[in-house]
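One chain, chain A, appears in both complexes that follow, with chain B as partner in the first and chain C in the second.
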Partner chain A sequence: MIDLQGYGPRLLEGALVTIELALLSLVVAIILGLLTASAKMSRSWLLHKIGTLYTTIIRGVPDLVLMLLLFFGGQIGINMITDWLYDRFGIDIFINVNEFAAGVITIGLIFGAYMAETFRGAFMAVDSGQIEAGRAYGMSERLMFRRIRFPQMMRHALPGLSNNWMVLLKTTALVSIIGLTDMVRVAAEASKATHEPFTFLIPVAVIYLLIASVSEWIFARLQKHYNVGFGEADEWNN
Partner chain B sequence: MVDTPLPLEVRNLKKRFGDNEVLKGLSLQAHQGDVITLIGASGSGKSTFLRCMNLLEQPNEGELIVHGETIRFKETRQGREPADWQQVVNMRAKLSMVFQNFNLWAHMTLLENVIEAPVHVLKKPRKEAVEHGRALLDRVGLLDRADYYPAQMSGGQQQRGAIARALAMDPEVMLFDEPTSALDPELVGDVLKVMRDLAKEGRTMIVVTHEMAFAKDVSSQVMYLHEGMVEEAGPPAEVLGNPRSERLKQFLAPKH
Partner chain C sequence: MEQLSAWFTQLLADNSIFTARTLGYYGEGLVTTVQLVFLSLVIGLVIAVPLSIARGSKRKWIKMPIFFYTYVFRGTPLLIQLYMIYYGVVFIDGIQESWLWIILEEPFYPALIAFTLNTVAYTTEIFHGAIKATSKGEIEAARAYGMSKSLMMRRIILPSAFRRALPAYGNEVIFMLHASAIASVVTIMDLTGAARLVYARFYAPFDAFLFVAALYLCLTFAILYLFRFLEKRMLVHLRPLN
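This part shows the complex of A and B:
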């Protein structure tokens, strides 16, 4: 066995941080993605502009720059607001940007923009006759979203979704820069202290690969689920 | 005055796409058990007229009265819109539509398609909906296909399935939008037979069709549309048997 020189438990904790961070960011990204896709497809001129502005800015600026901007800039911005509240109304509050929350929000915000494009394309790929049938049978927009639009959109969205998730997972490695102790940071610290980079970085690479493989398997299952009714006839006929 | 309200009445309906007026004031009265067929060349507005009846298209002018209830509209900057979408939803549940391209929901089995709106729109208990749904599938000869997905069935089977889905709503009026136009010729007969049976049992139906034999044998009233206006209307024996206008004579003449 590799001798992790006592860093084993910390590395494992770091791996948990990575997984939690990635999953929570994914949830934020999916919600933001669905909202933005709806905004961009809506008849409202304002919503459309806001959605476009958001995706244009996020997709045009490097992830790392956005992360630093939101983390440091976010703290300064919050401080400005709390200072103003104190000066103006005597309300004394201090909000410290928590690294973990900052990481989730930043990664969620970045990938929300990519998800938005994935979802928008997927929603537009749903056959309009399917929607019309829902309308003709008295479905409200809400019911139609739940019963028809969403399940039919998913099979178009999943390949892009899975791709975004893989990139998102690896983007979490950037949060070590804003001081969050994920497994990459633990490995970097351990490598520096022991001068044995391979001992720590190879396990980290393996853990990433492991998470990626499990995700691939889950996405393959989901793809199969949402493809029911669309694939080749012999696939579902026994 | 009649005691029971008409299942469907349309008064002076007009529809424009941009500057192009495609429906120029159409009216229709469907009594209980009527089968009204709308015929006309493509572009005559017959499908648009049908789609206005359940507001898949928004008419610019005119009144729509479903089972005595007048649909309320309001003027907005984008044009006229229904004032109360809940009313529209309730109205649509009373008029079920059969589409040219079937439009069965592709991600659901046939039985799931049939019970979907009864369970989720009409809030019928699932068990009851399934029982009723299976009986309807039996009626259209598709009980053995209940667990098939639409893509696994022929066009004719899908369309009969779509008719079962429409019947599952216990509709006041059934709207058929060229139900046999997308079918291979050998599959048309089965669908028409189901529709003839429905007419016989007294269903109120409005049918856009190119099937003149069906129009002649089954309908109580035929409306011939031309450029968004009714050119001739009346019992089929009159309209189809003894057309007055030159245009309708041309339309009915055997094509070579």
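This part shows the complex of A and C:
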């Protein structure tokens, strides 16, 4: 591997942190997105309001501000809660937020809001006749979700999902500002120390482009998979 | 009402963070943020329009470099681009002796350049998509009228493409506003920079960042309503009759 004045291995470690962070936050974001989408579509007035409030506020504020708030405010907030628990009930716990976990939760929380919008639109795009047919077969709600709603929803959700993933990937660069040692932080430190910014920033940019290109390819395959049974129908219709 | 104002004065008297001074920081930050975003968007728009037309050219040597540029700038984080320009500009030979250095020494201009290059890449792709989506019938009609290519571009393709691009461009404007928060990383005192300063001085993350989040939220809604209004006016011919 290229040595890059001794920074090469650290840069690779940083790249691994970036990838892990991005993938784990994607999982958190998808789960939160599905939950919020169901909350926004539910008949309960309160759940709907909570879902709307969450997506509106998160999407209206810059990622970096939310990150700073959750990173710096998070620990203080948790300490307040644990202090209160101690005062009130005598429960003595101390939770120390690990930086990486905080990064995952923060990015997941931000992109959960974007995912929720994607999923909501996709769920609504599933033909209601399909759901009626499922019900007519006597399927339970859960079975219907697994066999009918989810696979058909994914077809509509994938373009939005891939978009969100690309933005999420680039957002992971921001954790370097807050103190996580991802590849951007390594590159920034190395540029300051050696006064050769391009030697380190260009490889990092290339790695980002590589990840983006690979994900594009994966999403194209997924799209093909979830489009099975729709492509031919279109051809017949035309 | 009196009770309310009494409660409000009490609240103001109790708080030691939001004094005239810190509010001044936020005010200056707001001006810097708006300047940065507005300038990069306007310059970006001017550059992106010809680029998006050239992006759809049939000649490979025109099309490919633009595609490469948009691919790189949309595929890498803005933070990296900002670092490259902010740290890299020093290393251009002889720049420190030239008159340009007076401008580039301040972090504002490297940031402006980075933001502009970034928004040009996104806007070019948005407009290119909109131009490509022009319906064939419109182009055929223009041709049937004997319009030249440039006249067709000016009278038929661009006006309808701009209208179609409006929603996506509105998203880009909001995206740019949010992305501008990273200007604070290169010591620019924008809104986020002001919030970080207040946080560092008082160690009060909730007050500092929630306040700035509310300001950003207001800006976002202002942009949102502006574009909704524009869409309503520009896309009036596409609305169903009832």
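By definition in this document, the second predicted complex is superposed on the first by the 219 of 238 C-alpha atoms of A that agree within 3 Å, B and C clash if a C-alpha of one lies under 4 Å from a C-alpha of the other, contacts with A are read in each partner's own complex, and residues count from 1 in each chain.
Just so it is clear, contacts are C-beta pairs under 8 Å (C-beta built on N, C-alpha and C of every residue); 3 or more make two chains touch, one makes a residue touch a chain.
Given the structure is predicted, the values throughout are model-derived calculations rather than measurements.
When both complexes are superposed on chain A, chain B and chain C sit side by side without a clash.
Residue contacts after overlaying the shared chain place A:230 against chain B, while chain C stays out of touching range. Measuring from the middle, so to speak, at the Cα centre of chain A, the directions to chain B and chain C differ by 110 degrees in steps of 10. Contacts of A:25 after superposition on the shared chain: neither chain B nor chain C is touched. After overlaying the two complexes on the shared chain, residue contacts for A:118 are found with neither chain B nor chain C.
Once the two complexes are overlaid on the shared chain, A:55 sits clear of chain B and of chain C alike.
In the superposition on chain A, A:151 makes contact with chain B only, not with chain C. Residue contacts after overlaying the shared chain place A:164 against neither chain B nor chain C. In the superposed model, A:130 makes contact with chain B only, not with chain C. Of the two partners chain B and chain C, it is C that touches the larger number of chain A residues. Touch criterion met: A:139 reaches chain B, while chain C stays clear of it.
Once both complexes are placed on a shared chain A, the shortest Cα to Cα gap between chain B and chain C comes to 25 Å. When both complexes are aligned on chain A by C-alpha atoms, no chain A residue touches chain B in the first and chain C in the second.
Chain A makes touch with chain B in their complex at residues 43, 127, 129-130, 132-140, 143, 147-148, 151-152, 226, 228-230, 233, 236-237.
Chain B makes touch with chain A in their complex at residues 54, 56, 78, 85, 89-93, 96-97, 99, 101, 103-109, 116-117, 120-122, 149-152, 165, 169. Chain C makes touch with chain A in their complex at residues 71-72, 75-80, 83-84, 87-88, 91, 177-182, 184-185, 192, 195-196, 199, 205-206, 209-210, 212-213, 216-217, 220-221.
Of all the residues in chain A, the ones that touch chain C in their complex are 57, 59-66, 68-69, 72-73, 76-77, 166, 170-174, 176-177, 184, 187-188, 191-192, 195, 197-198, 201-202, 204-205, 208-209, 212-213.
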